[in-house]
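After this come two complexes, each holding chain A, first together with chain B and then together with chain C.
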Partner chain A sequence: MNLGQQFLNGLVLGHAYALVAIGWTVLLGVARLVNFGHGQMYMLGAFVTWFAISGLGLPYVLAIPVAIGAGILVGLVLQRVMLKATIDQNLVSIMIMTLGFGYVLHGAAALVFGSTGQILDTPLAQKELAFGDMWLTWQDIAIVVVAIVEFLVLKFVLDRTRIGRLVRMVAEDPKLAELAGVDIRRVYLAVFAFEGAAVAFAGAMVGPRTPILTSMGFEEVIMTFVVVVLGGIGSVFGSYVAGLALGLFTAFFGALISPAYTTAAAFAVLIAVLVLRPGGLAAGAR
Partner chain B sequence: MSTGPSSVPAAASDGTRPGAPGGLPGSAAAPEVLQVAGLRVAYGGNNALDLERLSLRQGEVLGVVGANGAGKSTLVNAIAGWSRGTPRVSGAVRLDGVDVSALPAHRRARAGLLLVPEGKLVFGQMSVDENLTVPGDVHDAPGRHVYDREEVFELFPRLRERRGHLGSQLSGGERQMLGIGRALMLGPRVLMLDEPSIGLAPRLVSAVLETMRTLAGKGLTILLVEQNVRAAIEVVDRLVLLERGRVIVEGTASEMRDDPRIAEAYLGGGHG
Partner chain C sequence: MHTTIRGIALLILAVAAYFAPVLAGGSGAVYSALVLIAIFAAMSYGLDLIVSDLGEVSLAHTVFFAVGCYTTALLSTRAGAGGWATLGASIGAALLFAAVLGLVTLRLREFVFSLVTYAIAVVASTVAQNWSFLGGSDGLRGIPVLDLSLPGLTLKAGNDRELWPIAFGLLVVVLYLVDRFRNSRLGSAAVMTHLNTRLAIVSGIDPQQVRLKVFLFSAPITASAGWLYAYQRAYVSADVLDSYFLILMLTAVVLVGRRLLLGPLLATVLVLGQEKFLSLGGYADKIILGSVLIATLALFPKGLIGFVEPLRAMLRGRGADTVRRSGAA
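What follows is the complex of A and B.
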């Protein structure tokens, strides 16, 4: 048992969770929306990246913006479909609709990309970096770096810019925001576009770590759900911390007990936290 | 709270600005800024408001008074195109002659039709500074001055002292100032205030109402909803009494002071 290696694995996994979750954090915080199609949107991001590389022959760095573009498109379609339910805050409809939307994406992706597993190969995933008996790939390092940068930029935009403040007004009280001259439909549109872009970006970054399948997405949506709830609904900083904590927990639980029960254990932790601290770990923080 | 002339932003201090021709603010010669015609509002099957005609001249302060449930909030909400519920609204609302009744609330706000609502009127999880944020694309126009944050602080120095505090930490009076301040930053042509005196100490009530007078002196048109008739009658030019969604009596402040229906119901007793 190499605890140092498990710590590294947990660190990378944690940043991957945070990266996958960031779009939903904003969606939940601003529009009070859950998106159970989130996992399939992640899958789509990974597959569009794969197709751009192996089908179109683009380099990885150019395949990423293609995936982000596709993600934005899917986000906007989702927004159009859901706008009325969003404004009415009809949560049951939203849950069912997004769940269904995920299955539609899954079916469409299987039709286009086939249902066999693929390897999303990137130049960074092949290069390893070793410290003594511990190692990780440059892709892992890239995941950690872009996750940190993305969270810092998001936090800066929300806290320090006019757009961020207007978005927070909509998050706190959309009706009152209307009286401040804010077009809440445009804010919802932007938030869905961000959700689509962010999760597709995560697919392009995190996808190379494992073989990709059009049937994947369930694991991602579940872990994202745990991260956003654990972090405190809509809390950007909380999501980052929760992602990291969940990554470390998963890595150590998998190594010390059994990798077969990590998802179940993650849910047990979630339930325990919600009983003890109903607002999430970072309740009160933003 | 200082509302003296020294704290008056220069750009808004002229009652007869370009694009706003006419005589003295609020006088019979001043142009009509807001016109409401045939405004009907219903919640479910119940009519909450049935208003034939109402108009405000530039620089005028119109008070709307009436008992609870008389339709006062319903009136200003309908003019603003806004509601926390789902009412059915019909009728015409014209701002400087332009029918805005098809516009959603945020577009009316940007057009200069501003409402400071009753109840929750600040963002509790945001600081005073952050609350004083509006979309970047509102600009001065004839008859409209878009305040910046500094000008709001000059009008309400108390807000400057509290600028780092969260909205939820403010007193009732400070919230009113903040709500009015944000409305001023959108460049109001007409400012509508829904019960600004509710829950305020008497000293603050007169301070808030005096601010209305100051703003009206600069040419702003104000529609003031009040239950506190005794305080309102001191600052308004005209008064409208609503009862069950209809105008019962309308007149200048001095006429209304002597009107038995007002005196009996609101000034004689302990309503204060």
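What follows is the complex of A and C.
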């Protein structure tokens, strides 16, 4: 086994996980909401991109915004339907509704795009960069760059801008924020729109790495969950680091032990952490 | 007096329900649909206790269902075990899984608990698809005919018509257990823990113990449905961990109303009725089922029973209304 290659794979995979998790980081960490349909929305992003390229003949660069648009649409619909439950902070209803949405998305995607696996082929995925006996595709490099940029921008927006402050206020106490004059409906809409956009974007960027199926998405939710919890719920930087750590773990576990059980192994690590420290790894720091 | 009337009404209902397939035409399709309704309703009651009474969303009940299916399949195909043995083993295995699950999630609350149970179900699915001991992606085939014979009494069920009395019996037992639970101290403790944890603790209830016990009680209920399902289908594979069963269970729990004895059963009748007799195709049915779940929670959070209450109040007479109004003034 080529250690260097696995390390490189791990880094790329880690950035991919971070990219997929970024929408959840905001949703869960900042708005304290869970979206079980996250994996299906990722699948939708990948499939809309695929359809835009192979069905509509658009170039990859234009297919991505189409996917993001679809993601935003789904996020907005999701939020509009769940608005009352969100304001009432009815977590049980929200969780079950997002599960239902994921299921509907699966059915709809299978109906529209079919149930056979597809390859999301992009010009970037076909070009390789080699150094010594290690190699990467340009798609991999794009994933890394995009993930880093997105995380930096998000950190900036949350910490330094007015919108970020509003979002954090609403997360802290929605009723109080409303009394203070914040339009919490718009904040929730924005957060869900961001989640939809981010996960669809991740689908467009990370989708090319493996064959895509309309039945996929469940493992993505677990990986996202592991990343967000391990990194400390609410910590943007924490999720980035956790994503990288998870990526490296997955790459080495897959190469050394078994590629089929990487998700199970990652989940086992999470359980160990949760049982020992129910607040997540960052809990000690607070 | 009230309990006796309720008991008689339920008895009449039960007898009528037993003859439902005959009343509905007696065809193979009808028996098949009703057997599945009984199995899936029993499966849903396990989750009902967790969601409606305990107030937590456990997404791992599909694992208990699968434990029932796989235990039955493994023992009947590889060890030649009969119906009673597989039932006992399914319940035992479910208790074991529930104990482990319960202990692991003891200190987890709300969404972390739900996420962990969701992940457990997905991991279980991966294991079921990849482990050759469980048949891998092919699953386990050739499950023999259900044989519940006792000394002196032959009881075999080779098709859905013959399975119906057993499925019906299972459903009745489950309903009885759920009813007993809700009238027990554990049942009350569960509801109290759900509605006001602090008050529960103050009155001497240990919420974590209650959670664990409710888990241990609910898991075998769902697993026994898995036991029967294995015989009904005669083969078991990783698809028993499909999200279809989870969505079905959740819909059964919320559609009609919370903590209603016949709620999940009625809901299962509606959902499977649509699927079997008004189907629009596999994926369209998925969209329908998912949408029903979402619509129920978004529009009628109390369930369809939310329609009945105002109607009942209306029928009781405007007299009651005027009295209330003048009283408030």
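To be clear about the criterion, the second predicted complex is superposed on the first by the 279 of 286 C-alpha atoms of A that agree within 3 Å, B and C clash if a C-alpha of one lies under 4 Å from a C-alpha of the other, contacts with A are read in each partner's own complex, and residues count from 1 in each chain.
One rule holds for everything that comes next: a residue touches a chain if its C-beta (ideal position, glycine included) is under 8 Å from a C-beta of that chain, and two chains touch if they have at least 3 such contacts.
Please read these numbers as outputs of a predicted model, since none were measured by experiment.
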| item | value |
| --- | --- |
| Touched partner set for A:Leu58, first chain B, second chain C, both or neither | neither |
| Touched partner set for A:Tyr261, first chain B, second chain C, both or neither | second |
| First (chain B), second (chain C), both or neither touched by A:Leu179 | first |
| Chain touching more of chain A, residue-wise (chain B, chain C) | C |
| Which of chain B and chain C A:Arg168 touches, first, second, both or neither | first |
| Chain A-facing residues of chain C, complex | 51, 55-57, 59, 104, 107-108, 110-112, 114-116, 118-120, 122-123, 125-127, 130, 243, 246-247, 250, 254, 281, 283-287, 289-291, 293-294, 297-298, 301 |
| Chain A residues within the chain C interface of the complex | 28, 34, 36, 81-82, 84-85, 90-93, 95-97, 99-104, 106-108, 110-111, 115, 218-219, 221-222, 225, 229, 260-261, 263-264, 267, 270-271, 274-275, 278 |
| For the chain B and chain A complex, residues of the former touching the latter | 80, 82, 84, 104-107, 109-110, 114-117, 120-121, 123-126, 130, 133-136, 138, 182-183, 186 |
| Residue ranges of chain A touching chain B (in the complex, touch as defined) | 162, 165-166, 168-169, 172-173, 175-184, 286 |
